[in-house]
Amino acid sequence: MEAVIAISIGVLFGSGVWLVLRPRTFQVITGLLLISYAVNLFIFIMGRLWLDRPPLTLEDGLVDGLVDAGLYADPLPQALVLTAIVIGFATTALYLVVMIGSRGLTGTDHVDGKESSK
Amino acid sequence: MSLPWMQHLILAPVLLPLLCGALLVLISERHHERKFLIDLVGVLGLLVVSLVLVHLSDSEHWPGGVGVYLAANWAAPFGIVLLVDRLTAVMLLLSSGLALASLVFAMTRWSRIGVHFHSLFQFLLMGINGAFLTNDLFNLFVFFEVMLAASYGLVLHGYNSMRIRAGMQYIVINLVASFFFLIGVALIYAAAGTLNMADLAGRVSGLDADELVLLKLGMTVLALAFLTKSAMWPLGFWLPTTYAAASPPVAAMMVLMTKIGVYVVLRLWLLVFSDGAAAGFGFDALLWGGLATLAFGTIGLLASQDSGRMAGYAAVISSGTLLAVVGYGQPSLIGVALFYLIGSTLAVAAFLLLIELIERIRTPSAAMLALTMEAFAVEDAPDEPVGVAIPGALAFLGLAFAGCALVITGLPPLSGFIAKFGLFHALLNPGPGEALGRITWVLLTLVVLSGLAGIISLMRFGVRTFWAAKDVTPPRLQLTEVAPISLLLLLCVLLTVQAGPAMDYLERSAEALHRSEAYVERVLSEPVVSRIIEGDRP
Amino acid sequence: MMTLLFLAIDFTLLCTVLAMLLCMVRLLRGPAAQDRVLALDTLWMCAMLLALALGIRFGSLIYFEAAMLIALTGFVSTVALAKFLMRGEVIE
Amino acid sequence: MLLLSLILVPFVGSAIAALMPANARNREAWLAGGVALFGLLTTLFLYAQTGSGEAVRFHATWLPGYGLDFMLRMDGLAWLFAMLILGIGLLVVIYARYYMSPADPVPRFFSFLLAFMGSMLGVVLSGNLIQLVIFWELTSVTSFLLIGYWHHRADARRGARMAFTVTATGGLCLLVGVLLLGHIAGSYSLDVVLASGDVVREHPWYLPTLVLIALGALTKSAQFPFHFWLPHAMAAPTPVSAFLHSATMVKAGVFLLMRLWPTLSGTPEWTWIIAGAGLCTLLIGAFVAIFQHDLKGLLAYSTISHLGLITVLLGIGSPLAVVAAIFHTLNHATFKASLFMAAGIIDHESGTRDMRKLRGLYRALPYTATLAIVASAAMAGVPLLNGFLSKEMFFAETLLVGGPENWGMSLAAILMGIFSVAYSLRFIHVFFGPLAADLPKAPHEPPRWMRFPVEFLVLCCLVVGVAPGWSVGRLLNNAVLSVLGAQAPEYDLAVWHGFNLPLLMSVLALVGGVTFYTLLRRRYDLIHSDRVPLLHRFNGKEAYESTMLRLTSTAASLETLLSTRRLQPQLVLMMVLLVAVPLLLVRPLSLLAFSSGGEFSPLFAGLWVIGCACAIGAAWQAKYHRLAALSLVGGTGIVTSMTFLWLSAPDLALTQLMVETVTTVLILLGLRWLPARIAPRELNLRAPRSAWVRRSRDMAIAVSAGLGMSALSYAVLVRPASPGGISDFFLTRALSEGGGSNVVNVLLVDFRSFDTLGEIAVLAIVALTVYALLRRFRPAPESVPIPAQQANSVDPAAGQTPAQQVESGYLQVPSVYLRLLFPIMLVIAAYFFLRGHNLPGGGFVAGLTFAVAIIVQYMLAGTAWVETHLRLQSNRWIAFGLIAACATGLGAWAFGHPFLTSHTAHVTLPLVGEIHLPSAFVFDLGVFAVVVGATILILVALAHQSVRSHRLPAGSVPPRATGKEIK
Amino acid sequence: MNQGIETLPVWVSLPVTALLVLGSLIVLIGALGLVRLPNFYQRIHGPAITITLGTGCILIASMIYFTALQSRLVIHELLITAFVFLTAPVVAMLIMRTAVYRDLRAAKRDREPESDETYPCPRKK
Amino acid sequence: MSRWFPSPPLSVALLVMWLLLNQSLAPGHLLLGALLAVVVPLWAKPLRPMAAVRFKKPIVMARLLGMALVEIVRSCFNVSRIILFTRPDGLNSQFIRVPLDLKHPHGLALLSCLINSTPGTVWVEILPDSHDLALHVFDLHDEAWWIDTIKTRYEQPLIEIFE
């Protein structure tokens, strides 16, 4: 599982990087989306992988009302990822609007707002 | 036990703009004046708060001059900690001063060419101030995002095709840099299990070899993000383009934003790598990167004919100088570097504001400019402000330009010279245990050359603009345009006249930066306010 | 008997993932846009089933919410895609 | 205090002058004159205190930590220079009153002039080297402004730039030199520096220090090879030339050499550098002066030559030479200023300065001519005039250089004497012969007071020349004492020392000069030659211009080489650095010591086969098939959220799912305005080689970045989490102190609620930005018409409004479902919101669900219909949400707690029983409101583009523009 | 694997097993249809079985399973069923029409429109 | 009544839904559910302009649904069989038209639900001019049978229920 997720993060990141290096605005937005998946997963796995251990310290699962921290997944990276997801969504929206605005004003969907001279 | 009221002032630089910004959203765009007034009151409030903080952090109010605020009342490594020390306070002051100037400048024209300017402006301040205040790495990310998101909006504010081209570049690069930021933070968390900077510094010595490698990796990737934002060569090509394209008040604020990257590197590096297991890590890279940036800025300044790009390269030079100084790693340099930072920020910002006024000389009339500016705004064209042509408007422009040029190039008698002198003095008179090396001379030479390049370039521009232009019509200047530039330049003058006290304050700030152990202890020992017992769960 | 149940649960997971793989094939191959939209929608459905199956696998009700959310809102992006193809704009 | 006023008053005067109206010629002159007079009187008053070899001091702390205090120090030398500055300044002001045309905007002129006076006084009075540099650069600045006073003239602009570039560069060198000197001496205070000559001369940094300071001095004093700027500075108004470029500013360099003479002189390096430069300057200046056609040009080169003379004297290094240097400085100032003024009068009266046109001016202005002739005689070193005395001292000193065998120096001195006689003759030539008829103006004597300064100065030349000891003896002695102190030599300021070698040299020079000039006029076509014989190749001006040009063009090409304005190369760099910097700096390979860990789950692997395939597919399709890429990204998104679910992060899974949906709708809304890219028909056309190179490079970067991330992820995953991490705290305290069992949610709304506050601020900002940007959105021309789909008769709803579609058959059946789903989604949103604190859910998911519910209605019935039926002011939602979140935090203040401290209220209701209402709940409500408001604002703002005025009617659809659909 | 599953009685585990196997087979077959069938109009029928019977079987299995596991009536899976019934028709309808209109437009572009042709014949490959 | 409960069946459904979601019959949840059941329809009312459904004949409805369920399961196995064992080119996938008399939107919606839920048939649209239902059939053997089945088995009861 560790290897699978590690490889997958690499593939997503690599695909995203490839796209971000492309000249078309839509390719870049796709790349940004993929990179954000990769990065979110990356932050997430900093808490390591936990199966069926969601950080829900429900009262009926406690022993003597005490929480055994070892029984739950690390909640902190999850909280960070949640924030990152929302911020990522926001920035995607912003980029999108800039992308169409740029296409409208400059007449091209090249990231530089003009076709490269080559 | 309850929290002393004054303590909440630490939070005010974040909270005040947030509330102001939210309030401004509610007010219709039709009420320009009301919006501006609220915005102004907010900024003035910030100014007052930061003045008080400057005072408090330099008095005995807090132990060690460090004010700690536990947001949400959770003790240090667990909750988010805001922190004010002298350095933070002075940066907050700089930010509110700059904001005041930019805002007043934006009053008549720039705030009206699009909607939500004032809200975005306040949110920008919130982000900037938050980034200065926070002591938590992920919270820093959040405030960076607040700042950047607002700056995206402001850079594109009233966009035309040039602005959108630059904005696209600025946004994409910063989005990628934000990813770097996240990767870095994640790695640091994986290595040290904490996000609190002070806690991190305390933990470095306890890390095993692999964890140390992870930590260094995280810090390196993080540094790439900050260095992109502070425009280190070869990560900062976006800067001149963006500065040249953004509207003047926004560009002026961006000058400060560029410095935040440096600020964070300074803070974090001194905290984590000044001593302990990984002492000295990365300083060389900063030094060489800074030198390269300095050299590149010098070249760019010489090469550029366009005033906006000149201002951009001036900012690159100041970034490069600061990075090199931080990387040089001599404690006595930091104080003067801060002095330099303040002066150059004020001057470049003033220059960016000035540019727009200067550009009016070149077109037949201000109306023409307004025409092109409004070319793409259909529904929200503000009425052309009717101003009194100040006699001697040209003289003012010339004088202000000269002032900016003096500070930027480091010519006497303004603060630029004091900073440069202080820098050289500190370089040549190292403390005990530090030696002059070849790199000292490289740094010194590059700084001198950058000043020279500034002289050549700015003089070329000034002569062409003020002297060589045929049939110059004195532009119509508004008081709201003249006052902010004067304010910024007066601050430079004040910084010169009061160089002694200012430098003393900054030296004390710098000194505190190097006492990381006291700092760590101070942050981690701040007690929570005991919770209301009857409110707790049974 | 329990072994059989275990096996059945694993078999369900396997089939769901295999079904998702098949959807992916269609998603990649197209050829027409509507094929991809259909494949994506089916992928959503399979994901919902996967969530349910995981819930059964771990004996936890936590997974139900995800399945429910997919059942309720998973169709929105499909409808948006379809509407875009059909009318050229999602919101007229 | 008086000392301080000496400097302050000119600056204050300058500011006042600047504010005066443009036509107040007299008032400004009075002001300037008053300032100069005040200074003069003050200086005279201070004479008593400086007379005895002591110095008057003023001290104010400024930057004590850096050894930089504001120190003024007036000793004999400074006094002498101050007198010079103020005296000649006063005369120049009087002169300028008449010289400047009534049309000239004189406030600026006098303002600059006074500022210069202040700066120059600052230079001579500085008691601190750094402060000296400050004033030094200020003189450069004011000189720049004065040279460029008539800035509409190209020569003025060029002259100003050249002068400033050279002197300011020198100033920078001087700064560094002074810093080195200060480092060696341990202080920047002049007193200390002057006292530590031995230390300085033995220090290993002596040579660089000397070179740097010399660079400063030599550039300022227009010494070879930096002399070229001075002639071009003659574009300034003549009073400026008289004041700055002969009497004072150019003397700053020699002043500095005198000032630091006790510290730096006395070594072979000193002599070689200073005397060498001086000697070259002396000869070149004198020689070139002869061949000028411009009166002021001649005077400028003569000034260069005389400055060279002073420099040589200082370079020689003997005490007597210093005496001569100081004396000659004084003398030169007197006669050269008067000559400049005379030249100015000639220019003023006749309208030209061209010696080729000027003839017989004696007839027109005999009185001025007489004065000028006397002054030039002083310049030529004719006995009984002051120039003779100091030049003779110079001759005497040259004899001593290198011992009795070495005559080189003396020969050079005689040669210089000959040249100077020649150019003096050339100068006075304009007065003789018949009056030229073709002058632009008919010359006559100038106004009385315009001539007065010249008269006064010439009188000084005479008085000093006749009775040197009586007139300037004590002043000179004071100055000499302050430089040489105990080393001060015995000297005699008499006119007659008997027949000796220096006298012989003077005679030789006079006779030789006359002969040389006569020969030149006879044999050499002085009038018509446009260039200087022998030396015309050394054109400093052209060298300067071409250097500047080359500098700019080199910088421009370097800038192009070292930077880019395009986005892609920058991103390439960022990515390369992301991979390379950690590898180089950290060497993380130790982490990869292969260790296997964890288990392998084929199902999970299968899931990620999908995720990866979709990602790669998206990367492959995004160029031409956007919709396919979007669907594929959606596939990856589904897999990602399933992974979150699988790996114990239900909150993340829920949020990711909702974000996935909203993002898809968002991008589709955007795609409407992004015209399709049509794949080129010739798909088999081979991509050019450069494209392949680029793609391979990018592929390499992408692969290595991916590999890096994989390796890093794996390295982290196979290591156990560090035990002391902070997250256990959250797990153990969430329920007991945070009041919620969903630790992630408690983190978001309590432990790290400050993050969340920032996060919703980001959402709000982006929404406002998007709204603001779309207000001025101009779509691409290809996107302006309504979509082809809607204009095609295939579609039964072509031309129907969305509301009509819903009513008739087109969307009637779906509308029943979608409208039924609306309240259901709202309830689900409420459900997720209310349970979030304890179970997966919370404000984000709830808000997104709510927003999706509304967006579905927009999709169904169109913008217009929905908005006539439901007024949802997203702005207010955003503002309310932010304020609510803040208010929750502020509520804690009332209890004396920090911002955002959570409290739980326990309310007991009948029937229901006790319920816990954590304040975090209100905070989450704020989050919810912001998420709803922001999401809706973004999506609806995009949707509104479809109903804006840029939508063209169906009939105007261009046939091909939207012909091809996006696949 | 969760605790408590061992304690399930046979009368629970047997139907659950059967429903799960049946459901997952149908899911798989549906997806297979999506891949295997040659044109869009046929492919759209594949996922239909996944959505109805596949989902149905697994939901029922889940209900029985959790009811037994938690010893209380767990029937909130009904909600999913309801939601699926509310959303699936819309999706099928809209995708189908998308395909139809697109094909019609393509046909119209390719040749003169034939007035009586309402729906494209699925082109045989 | 209709002022506070624009659509009583919806309110009931929402309450049930709420209770199902929370898997609880606790008074607190009942109260909250009831509150939502009142507030949400009220708030959503402007966006739901159609009159509330009245189920006149619950027995007809139940019979219809039961019949449909059987049909769904049967078709499901048919389609599975075809996918697994039939060569695709042997399929006779066709569009057919079914003239409809049912006009009530809710009835049509329910009809579409039943048809679309039945594997092997996909509802395309109701043709605007003729009010014919266009239908795609996976494997068509007898067009008339289909038309007849839909009209008698489905449409007739729906007309009874809704009109």
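A, B, C, D, E and F label the chains in the order they appear, each numbered from 1.
One rule holds for everything that comes next: a residue touches a chain if its C-beta (ideal position, glycine included) is under 8 Å from a C-beta of that chain, and two chains touch if they have at least 3 such contacts.
Treat the numbers as computed from the prediction; the structure is a model and nothing was measured.
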item	value
Set of chains adjacent to chain B and to chain F	D
Comparison of D-E and D-F (more C-beta pairs in contact)	D-F
From chain F, the most remote chain by mean C-alpha position	D
Between chain E and chain B, distance of the C-alpha-averaged centres to the nearest whole Å	56
Rounded Å distance between chain B and chain D, as computed from the means of their C-alpha atoms	17
Centre distance in Å when chain A and chain E are each reduced to the mean of their C-alpha atoms	30
Mean-CA-position distance for chain D and chain C (Å)	60
Where chain A touches two or more other chains at once, by residue number	20, 25, 42, 46, 51-52, 54, 56, 76, 83, 87, 90-91, 94, 98-99, 101, 105, 111-112
Overlap residues in chain F, where contacts from two or more other chains coincide	17, 21, 109, 112-113, 123, 125, 127
Numbers and ranges of chain C residues touching at least 2 other chains	14, 18, 20, 23, 32-33, 37, 39, 58, 60, 62, 68, 72, 74, 79, 83, 85-86
Those chain pairs that satisfy the touch definition	A-B, A-C, A-D, B-D, C-D, C-E, D-E, D-F, E-F
Chain A - residues contacting chain B, complex	20, 25, 28, 32, 35-36, 39, 42-43, 46, 76-77, 80, 83-84, 87, 90-91, 94-95, 98-99, 101-102, 105-106, 111-114
Residues on chain F engaged by chain D in the complex (per definition of touch)	10, 14, 17-18, 21-22, 26-28, 31-32, 36, 40-41, 43-44, 46-50, 105-106, 108-109, 112-113, 123, 125-128, 131
Of chain C, residues touching chain E in the complex	1-2, 4-6, 8-9, 11-12, 14-16, 18-20, 22-23, 25-26, 32-35, 37-39, 41-42, 45-46, 48-49, 52-53, 55-61, 64, 67-68, 71-72, 74-75, 78-79, 82-83, 85-86
Touch list for chain F against partner chain E, complex	17, 20-21, 23, 72-73, 76, 79-80, 83-84, 88-89, 91, 93, 95, 109, 112-113, 115-120, 122-125, 127, 134, 136, 138
Residues on chain D engaged by chain A in the complex (per definition of touch)	565-568, 571-572, 575, 597-601, 604-605, 608, 611-612, 615-616, 618-619, 622-623, 626, 629-630, 633, 636-637, 640, 643-644, 646-652, 655-656, 659, 662-663, 666-667, 670, 673-675, 677, 690, 698-699, 701-703, 705-714, 716-718, 720-721, 725-728, 730-732, 734-736, 741-744, 747-748, 752, 755-756, 759, 762-763, 765-767, 769-770, 773-774, 777-781, 783, 838-840, 844, 931, 934, 938, 942
